[in-house]
Each structure stands twice: as structure tokens, then as C-alpha cells.
Amino acid sequence: MSSYSIILYGFILIALISAIGILAVNNVFKAALFLLTCLLSLAAIYVLCLAEFVAVTQILVYAGGVVVVIIFGIMLTTKLTGKPLEVKNGNLFPGLLAALAFASMLVKYQSMMATSTAELSTMSENLVSKTGVELMTNYVLPFELAGLLLLMALIGAAVTTRSTPE
Amino acid sequence: MNLQEALHIIEKSLSYLYPELILTGGILVLITISLFKRISSIVFSVVSISICLATISLLVEEGLLRASLFSGIIVKESFSTYLKILANIGSLVTCVMTLSSNNQRMKSAEFYALLLTIVLGGHFLVMSNNLLMVFISMEIISISSYVLAGHANTKEASEGSLKYFLFGSVASAIMLYGFSLLYGVTGTLDFATEGFVKGITEYNSPILLIAGFMALAGFLFKVGAAPMHPWAPDVYQGASVPVVAFLSVVPKLAGIGILIKFILVISAYGQSKYDWQAIISVVAILTLTVGNFSALAQRNLKRMMAYSSIAQTGFLLVGIAAYLPEGIQFMLFYATVYVAMNFIVFISLQFFEQRNIWNTEHFAGTGRLLLWPSISMLIGLIALTGLPPTAGFTGKLFIFSSLWEAYHLSEKNILLWLFVFGLLNTVVSLFYYLKIPYYAFLKEGQSVEKGNFNLWENLLSLILVLVVLGLFFAPGLLMCWINSVNFVL
Amino acid sequence: MQQYLLSLLIFIPLIAAIVVLFVPSVFQRSFRMITLSASILQAIIFTIILSSSSADASFIIKEQTTWFSIDIGSWGILKAEYFVLLDGLNVSLVALSIGVMLIATIASWKETKNQKGYYALLLILNTAIVGSFTALDFLLFYLFFEFMLLPMFFLIGIWGGPRREYASIKFFLYTLLGSIFILIALIALYISVHDPSAVPGKLVHSFNLLTMADPKNYISNSILDPNNLWMVGPLSARTWIFLLIFFGFAIKLPMVPVHTWLPDAHVEASTPISVILAALLLKIGGYGILRIAYPILPDAAVELSWIVATFGVISIIYGALNALASKDLKRLIAYSSVSHMGFVILGISSVTSEGVTGAIYQMFSHGIISAMLFLIAGVLYDRTHDRIINNYSGLASRMPAYFVMVLVAFFASLGLPGFSGFIAEIMVFLGAFRSASANGLIHESFAIIATSGLVLGAAYYLWTIQRMFFGPFDLKGIASKSELYDLTPREYILLLPLAFSALAFGIFPQLILNWINPFAQQFIEAVLSKGASLTSNL
Amino acid sequence: MIEALPLHILSAFLFATGLAIVIIKRNAIVVLMGIELMLNASNVNLIVFNRMHPSTFDGQMFALFVIIVAVCETAVGLAIILRVYRFYKTSVPDHIQELKG
């Protein structure tokens, strides 16, 4: 087993464990930290899969943005309610059953896809610059729409949290 | 492809997107206005002018057969244009409805900006020929809808919007996973291409079924079909009436538009070994049953209308299950009528809600004191039931005719079940649709002040009632237009 | 003008309804005058039509234009027509409906509650009834057929008795279920036929009932193609469709076991509405079976005639037994209607000229007699607000004129010779007996069992007379004796014409039979020949 | 040279865990985290599949857009959750039951 594989397996393991950690812990704050670990290890996996640009975005936007926003939300809500960060579980059995069913089904059929196609090839181009060009040519419409989406999400969030005059 | 060519394509594609550019312009103007203090007359005129201009530019280029834009990720053809016009009309009616609302938040610039964003998302959704475009435009609709659902800023509205958000995000995450699997199978995101269909027909594994189901989850959420419907009642009950009316029409029609394309592709134009026609038939049966039978128990009118709109989705799905080009044309007819009759009911509903009438019992005795709103409501409900002399009947007749023809061609028994079952559901739907006129006209009730529609409500409901009645006596007027709509991917 | 007379006949009440809606409510009294004049105008037009009948013997007057015609690409053209026609089958029923609507208008003279709505609905109902009797395009028929539902729903539900809401909802749901059955059949039928008169090369799906009745017009290998039967489960698709149409109309008829809406609706409806319900709406069921189910699906009809006959006989006996057990006068009359409409089914199922003529004649005569019976029940209810039979005795001495009218109505209804009911029932029996030898469709035993319905009919009517009118005068229950006065002039105006017609059509059946006979002849020839040729194809 | 199989298993498990969190956890913010996990599972898939079909950039592009959408969703979602907190003083969806049939 090459060192490359060892690193990959390592990150996969970290991602899985921290994902399960979110499920296992009953503290919202700890769950958010687990999410952060998971997202960061996924970014590492993306680098190993030669998707550097996505990996960077993952770190900057997801880990740096989403998780921070979530932690911020947690703090605000605890301040609003004045209650501890504990989370209760419900529907434990059906939830786990559904998850297991999904996992086994996906693993079974998706792994068939992995074996039926050739092994991953490697590319040696300058991926980041190519991504940039693609974004401004073939993907310019979704790109612009994504901009609109961000704008509306911002306005939506502002409208939602703004307190009413009444 | 070099950069020069790419820029040329973008330039050329943009010239086809005037309606969407107008809407975007409208959104930006509205956002700018919202920075200043409320100037509601200007706000309203900006919205209505941009929608009208967009509709006009859609009508102008209606002769267009098919144009593939932005290297094929969206496609303009008459089918999507028709749905877009319908969505525009729906949003225009909603805007006029907000004029009569007594909630000031319904008249803010942000509200209209969100409304226009949903319409814009709907435009791109029905044009999409690419999974990424589908995802992005669907999220534009969804995220704006979450905000709109809670826009009234009451306790109920925020609860509805939270449930909508949680349910919708899960649905779109599931759909996204389905998309990623489909991408893995076919190696392309452009689902109308030969490569995609070839991938689907050649790849012989249940993963296709799983991916299809997962993707379907997102679409069914958007159109409000069973089993992805549970958000609808809470959202409808919580949100203000114009928003509910809007959500029950525009996102639904856009979702139906993309669902047709998706079903056609996932079944590889009928060559797939999985019978997607039967699956959609089962979904339609389920949706009709859930919608109609749950509506029976409702006393809150908005909640009842939520289940009613679920059931109406079932009827639209029957048109998809029929699967013929004619089935799709008849479905467009029904969709048009649905827009009209749904708005008739909601306009009256807003009127009644302003007088604190929202439970069926509250309607007792309103028939005589609030005569015209009650009669307009009666006509809307009769049309939704599908009784003559309303176009609701004609629409059902057409849709079920195409289903019968589909049964004849394919000899699948599930279609016959759907046929009989769907029509018998009409009887069930009568129980709850009739409950309102029953209370309004047959029961003696508490005292409500005598009242009538204001000018705008009168005008709107009169036009819509005329449409619903007129299309019964002369369905040819609309059908000859729909006939020019052809469905090509 | 001549060619639009029939349309005028149908739509005059609708125009009058619109007039009523626009007249301000202060002119309360004008509404009933408008309604009355609409009915009288209808009667005049009808006489003009009859006096100038067309040269073609198969119909009296007809009107036919395209309603809409939609081109749907590869699928062909969808064509609906505005096609109304008056022939031997419906001429008597149209006459009946004009007369009964006139009487119902006079009977509602004293209605005070929300007159505007009442008369507008009555007028709309009038248009719907005449329209469905005359429409020969299936879609047009269905439109009128459904159009009857809502006015009736409100007429029972707003102006009815204490349990009116329950009764109106029940009425609505039963009939809507029936019309959904018919809608299924309608869709299946029109997709399977094409109009031969259309431009060659174009497939025209027509709603025309005459087109549907011709087996040649079915698209080959379509689901309902009579030459190539398509099986759905154990039965052929054509048989299923026949059953759907038959049960759809049987609910309206009403036939046991789908009759349960009728007693409730009758008991709760006000007198004029009961009259319209019994005299006209029930007839649409029988009319629909004769006009649509049998001619269009003769093979299935011939095959299933014994089932139809069984239901007819069950209706006769069950209705009569229930009438015997009824304590409420209106409920008794309602069940007697079920029993009498059973004769219509039996007559149709025999497919003999006597049977079919008898069935049509029974519909006509029952229309007159049931109208009279409900008016009589209404007279008593007006005075005492009590309809329980056992609460009355010895009424004959107090209300002699009323007693005479009751005698006429009851004897006409139980089929005493000299009244129209007798002619109708005897013809149905003859037809049912002869069927075994003439076409072998139904066994003689059906006729024999059905005669017991006559005996039971005599029993419940005579027993009622004995309980209510003979013996010492006494009133139990809530009624007070002082309110019992004899017939008023307005009631004479209502009852005398009906009593007179029941007698007249009993003594001179030719008045109507001249119209019915040729039609019945044509009908049975068409059904039997087509039915036989289609079943032999199997 | 990387093997696809473990990555497929990773994405399947991430998705299943996310689903389990959504169903089990009684806190809107944690449910939001579950949704993020599900989205990330799809992203892993998209990137791995992009390696199998290297002729275009579709998969990676899709993954980028998914991240953008996730940001928007989180922003709006948290705003909605915060408002519900204000009204109900709780974040347990089961306690929020003003709306009933």
C-alpha cells in the first residue's frame, strides 16, 4: 500500500468518524466542531482527487463560512433561550434503520459502479486556471444565477431576521 | 473551443433571454428601491411593468421553434415558453392580490423582489436541459420560497417556513445525490443529449432506479406530490393568502415542466427497462388519494386548500402519466385552467380571511351577506371539483381522455386503475369542496357585516370567472394556441 | 325561426332566470310571474312544434351545429355538437316536464323565503331537464345532466325540511357518483368512435349519440370495438361500459340497491321540489338507459338483460314492501316511486315492443301520478305539518273533496283500469311475458313475480286509505283540528288537470302511443339486430 | 492513481449518516448539519465521478455550485431558525406545533 493510499484512507476514516460523531454527541457545539473536522478532511480528500479548486473553496467557504455561521447561530440561540446546548434524540430506531438501509443499498450498487469503470486516471493540466475559464464560458449562466441566488439569500436572511415595527 | 467562440455563444444566447433579463432588471431596481423608504406605488408599478414586459417579450418570440442556448444547458422552445407565460400571469395576479392585503409587509419592495426571483427561477427551471441548471434554478425557487412563506412574520408563518425549509433542504439534498449518481452513470450533465440516454439504456443496474427515485424526490417536493407533500399544509396555513396562492401555482407549474422532461429522459424515451410510466401512475394515485382523503378532515380553509392543491397536482400527474404528446398538451390546458380556478378561490379566501372567516363553520350564513365573494368562491370550487359548466370539467375530460388513449396504446392495467380511480376521486373531492358553499348558503350563521369585493378583487375575479366559464363553452380558443406548442427536448 | 324553436324551448327558462337575477329584490312578486310566463311560453312553443312536425318520420324537429372542434395533431379532431332533437322517445317526456314545471311553479306560489334565488334555480333546473331530454350529443347531454345537480342541491338544501342538509348532500353525492360512472363511459366511448361524415383522412372523435350507436363507426381495434372484444378482467370492455352507464342512470332512476337517497330527499324537500324530483328527475334515469345504454351497447345489453330484469323485479317488490312499512306519507309515496320505476327497468329489459312502449308510457304516467301524489301529501302537510299516517283517521268526512282527489291519485297509482298507470303496467307485463317466446331474453317467471308488486301496491294504498280516511274523525300528534279545511281554489287548479290527464291517458292511450309505438318498434329492431349480429361475431 | 471504491463507500456512509441525523436529532441546527453532510456526500460523488469521466469539468463545477448553494441555504435557514427561536423560545421542532389539521 502506497503512502498516498494511506493518507487517503486516513482522511476517509477521519471524515467518517467525525460524521458519526455529529450523530453520537448530544452537544450542539461539539457537533459543530465535528462537522468542521469532517469538512476539512473532505477538503483534503478533494486535493487527493486532484480537485484543488473545490478543495480550496471547501475550506474557505464551508469550513470558514458555513461552520462559523452555524456556530454563531448556536451562540445566538443559546443566548435567546438561555438553555444549555443539549440535543435530544427521537425516532432513534426508524432513523438508524433508514440510514442503514440507504447505506447498504448505496454501498452495494455504487461500488458496482466503481468496479465496472476503469480506475481513476490522472490529469496533469493546470486545473485552477482551467476551472476559471470554464466558469466564465460554459458555466457563465449558472455562475451568474449563483450570484443572484447569493444576493437573494442575503436579502432573504435580512428580511427574515428584521424585527417588525409592530 | 477558444475564448472568442465562447464569448460569441454567450453574446448570441443573451439575445434570446430578454424576458429573463427584464425580470432581473426588475429585481435589481426593486432592491435599490428597498434601500430607500417605502414608496409602494412605485414599487408596484415596477413589478407589474417588468412582469408585463417579460410576458410581452415572451409572446413576441412565441413563433420560435427551438433555440439551444449557452452550449445547450438551457433550451428555449414553445413548451417552456407557454409555462413561463402562465407563471408570469400567475405572479401578476398575485401582485394585484397583494394590493388588497392589509399586511404592510406584503407591499414591501423586498417581497416583490423575492416574488420576481421565484418567477425568474421558474423560467430557468423549465428551460433547463442540464442537471446543474435544474439544481441551481430549483434552489433559487426554493430558497426564495422559504423566505416568502415566512414573510408575514407571524408565529404561524415562521413555523411554516421552518418546516418548509427543513423539508425542502432534505429533499434537495436527496435529489442532488440522485443527480450525482446519474452523472456517474452517464458522464454528462446535459440530460437531453444522446450520451445521457445512451448511458441510461446501456447501464443495466438498479442504481438507475435508485438515482431516479432520489431525483424524483426533489421534483415531487417542488410540485407538492405524495409522498413529498407533508410540508404543504403547514406552509399554506401559516403563510399569507397571496403567498399561498403564488406558491400553489408558480413553483408547481415550473416543477411540472421539468418533471415531464426528467421522466422522459430517465425512461430513455420509453426504452428503459424500468417502467417509469407505471411509477408516475402510482405516484399520481397516491397523490390523489392523500390529497383528497386528508382534505376531508380539514376545517381550516387554507389547510384544506393545501390538500386540494396536492390533489390537483395528482390530476396534472395524470397528464404526465398519459405520456403522449397530446397528454402533455391537455395537461397544459388543465394547468391553465388550474391557475384561473385556484386564483378565484384564493381571491375570495383573502377577502374572507380579512373578515376573520377561515374555518368552515365561520362560513355559515355568509352566502347572503357576502354574496359576490361567496358566489365567486362557489364557481372556483365547482371548477376545482370538475363539474360543468366550468373549464375544470373540460380539463379533466381532456386529461382523462388522453389517459384512456394511453391505456389503449400500452395496455397497461395500472393506467386503467388510474383512470377509474382518478375519476372516482372527484366524488371524494366533492365532500370537502362542497363544504364551503354548504355552510355559506345552507346554514344560518353568525352576523357578519355586509360587504363586497373592492375594485381590484372584483376585476380580477370577474376576469378569472369569465375565463373558467368561457373555456368550457369554447375550449377551442385556448386549444388552438396550445396546439402550436410542441414538446421537444 | 322554425329551426330554432327547440333551442328556444330549452333556453327560455334560462333567459328568464337571468332576468330574475337582474330584477331588484323589491319586486318580489314579479319573480313568480316571470317563472310562470316562461313555462307558459314553453307550452306555446311546444304546441307550435307539435303542430308543424317534420316530414321525416324518425324525428319531429332537430337542430344540429358544431359546438367545438379541436384539432389535436396525430390524435385526430375532437368534435362536440350542439345536437338537440325531439322524437317518439322524448316528446312525451318533454310535454310532461313542461306541464310539471308549470304546476310546480303554481305550487310554490306561497314560497316566501328568498324568492329570487328560488325562482332562478327553478328556472335553471327547467332548462337542464328539458335540455337533457332533448340532447343527442353525449357531451351536451352530460352538461345538462350535471347542471341539474346544483340547483336541486340548493333547492332541497335551502327550502327543505328539518333534515334538509343531510338529504341534499346525500342526493348530491349519489347522483354525482352516478354521473362519474357516466363520465367514464363517455370518455371511453368518444375516443373509440370516429365520425364517418368527416373529411376523409381525418380522424374525428365525435360525441354524437347516433354515431356511437352504429357499430360501423368504431375504430377497429379500439378498446370498445364491437368486432374485436377487449377483455378487462372476466368481462369485455363493452360490458363494463354498459354496466357503468346502466348503474349511473340506475342511481338516478332509482333502482334498488342504490335508491337510498330518494326517500330522504323526498321527505325533506318541499312539495314543489318533491314533485319535480319524482315526476321529472327520476325519468332521466330511465330515459338515459333507453337513449344511451341500450342503443350504443346492444350486445352487452342483450347479454345482460336478465340481470337488468332481476334488478327491475327486485325494485318492484322491495319498493312496495318498504312502502307498506312506511309510517310517513311522503316516504310511502317515495317508495312507491321506487316500485313503479322498477316496471320501467323490467319493460326495457324485455326488449319487446310492448315492453319498451310500456316502459316509456310508465315514465309518462308515473310523472303525472307521482306529481299528484306529492301534491296531495303537500296539501295535508300545509295544514297540519304532520305526515305520519297513523296520526290521522276519518279524514273523509272532514275533507270530502280532498278525499276524492286522494282516491283518484291512489287508484291511478295502483293501476286501476281506466287510469294511465294501468295501460303502462299491463304493457310491461305483456312485454315481459312475451320476451321468452319473442327473443328469449328474459324468463316468464320475472313477469309472474313482478305481478306481486301490483298486489302489494293495492295493499299499501288501500290500507293507507283505510287508516287515514275511514273510521271516526280523530287527530293525534301535534295537529289541531281547526286548521283542517278542504281544498282551496289554488289546489284545485293544481290537482284537477293532473287527475284529468291521468284519466284521459288511461282512456285514450293513443294520444301518446302514436308517438311512442314507431319509436319502440325501431328501437327493438335496432337493439336486437345489432345485438345479435355483434354477439354472433364472438 | 486512486481507488474509487473507498470513496464511494465514504459518500454512501456520509449520506446515510446525514439522513440519520435529519431523522433522529430534535434540534433544527443539528438537522441543518445533517443536511450539510448529505450535500457533501453528493460532492464526494461528483468529484470521484469526474475522475471517471475526465473529458469535461462537469463534476467539479457541480461541486462548486453545490457549495455556493449550501452557503445560501445555511444563511436563510439560520435566519428562519433564529426567528422561530424568538417566537417559541425553543428549537425543538416537536415543540413547535401551532399548526395542526
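In order of appearance the chains are A, B, C and D, and numbering begins at 1 in each one.
Going forward, contacts are C-beta pairs under 8 Å (C-beta built on N, C-alpha and C of every residue); 3 or more make two chains touch, one makes a residue touch a chain.
Treat the numbers as computed from the prediction; the structure is a model and nothing was measured.
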item: Interface with more contacting C-beta pairs, comparing A-D to B-D; value: A-D
item: Inter-chain centre distance, chain A versus chain D - centres from mean C-alpha coordinates, in Å; value: 7
item: Centre distance in Å when chain B and chain D are each reduced to the mean of their C-alpha atoms; value: 26
item: Length of the line joining the C-alpha centres of chain A and chain B, rounded to whole Å; value: 31
item: Rounded Å distance, chain B centre to chain C centre (Cα mean); value: 43
item: Multi-chain contact residues (two or more partners), chain B; value: 132, 136, 139, 143, 146-147, 150, 153, 161, 181, 184
item: Multi-chain contact sites of chain A, meaning residues that touch two or more partners; value: 106, 110, 113, 139, 142, 146, 149, 152-153, 156-158, 160
item: Arrangement of touching chains [line / ring / star / complete / other]; value: other
item: Interchain contacts (touch definition) - all pairs; value: A-B, A-D, B-C, B-D
item: Chain D partner contacts - residues on chain B that touch it in the complex; value: 131-132, 135-136, 139, 143, 146-147, 150, 153, 155-156, 158-163, 165-166, 169-170, 173-174, 176-177, 179-181, 183-184, 187-189, 233-234, 237-238, 294, 297-298, 300, 303
item: Chain C contact footprint on chain B (complex, rising order); value: 324-326, 329, 368, 382, 387-389, 393, 397, 400-401, 404-405, 407-408, 416, 419-420, 423-424, 426-427, 430-431, 434, 438, 441-443, 474-476, 479-480, 483
item: Chain C - residues contacting chain B, complex; value: 68-75, 78, 114, 142-143, 146-147, 149-150, 154, 157-158, 164-165, 168-169, 172-173, 176-177, 180, 183-184, 186-188, 190-191, 222-223, 232
item: Residues of chain A that touch chain B when the two form their complex; value: 105-106, 109-110, 112-113, 133, 137-142, 145-146, 148-149, 151-153, 155-160, 164
item: Touch list for chain D against partner chain B, complex; value: 11, 15, 18-19, 22, 28, 31-32, 35, 38-39, 41-43, 45-46, 48-49, 52-53, 55-56, 58-59, 61-62, 65-66, 69, 72-73, 76-77, 80-81, 83-84, 87-88, 93, 96, 98-99, 101
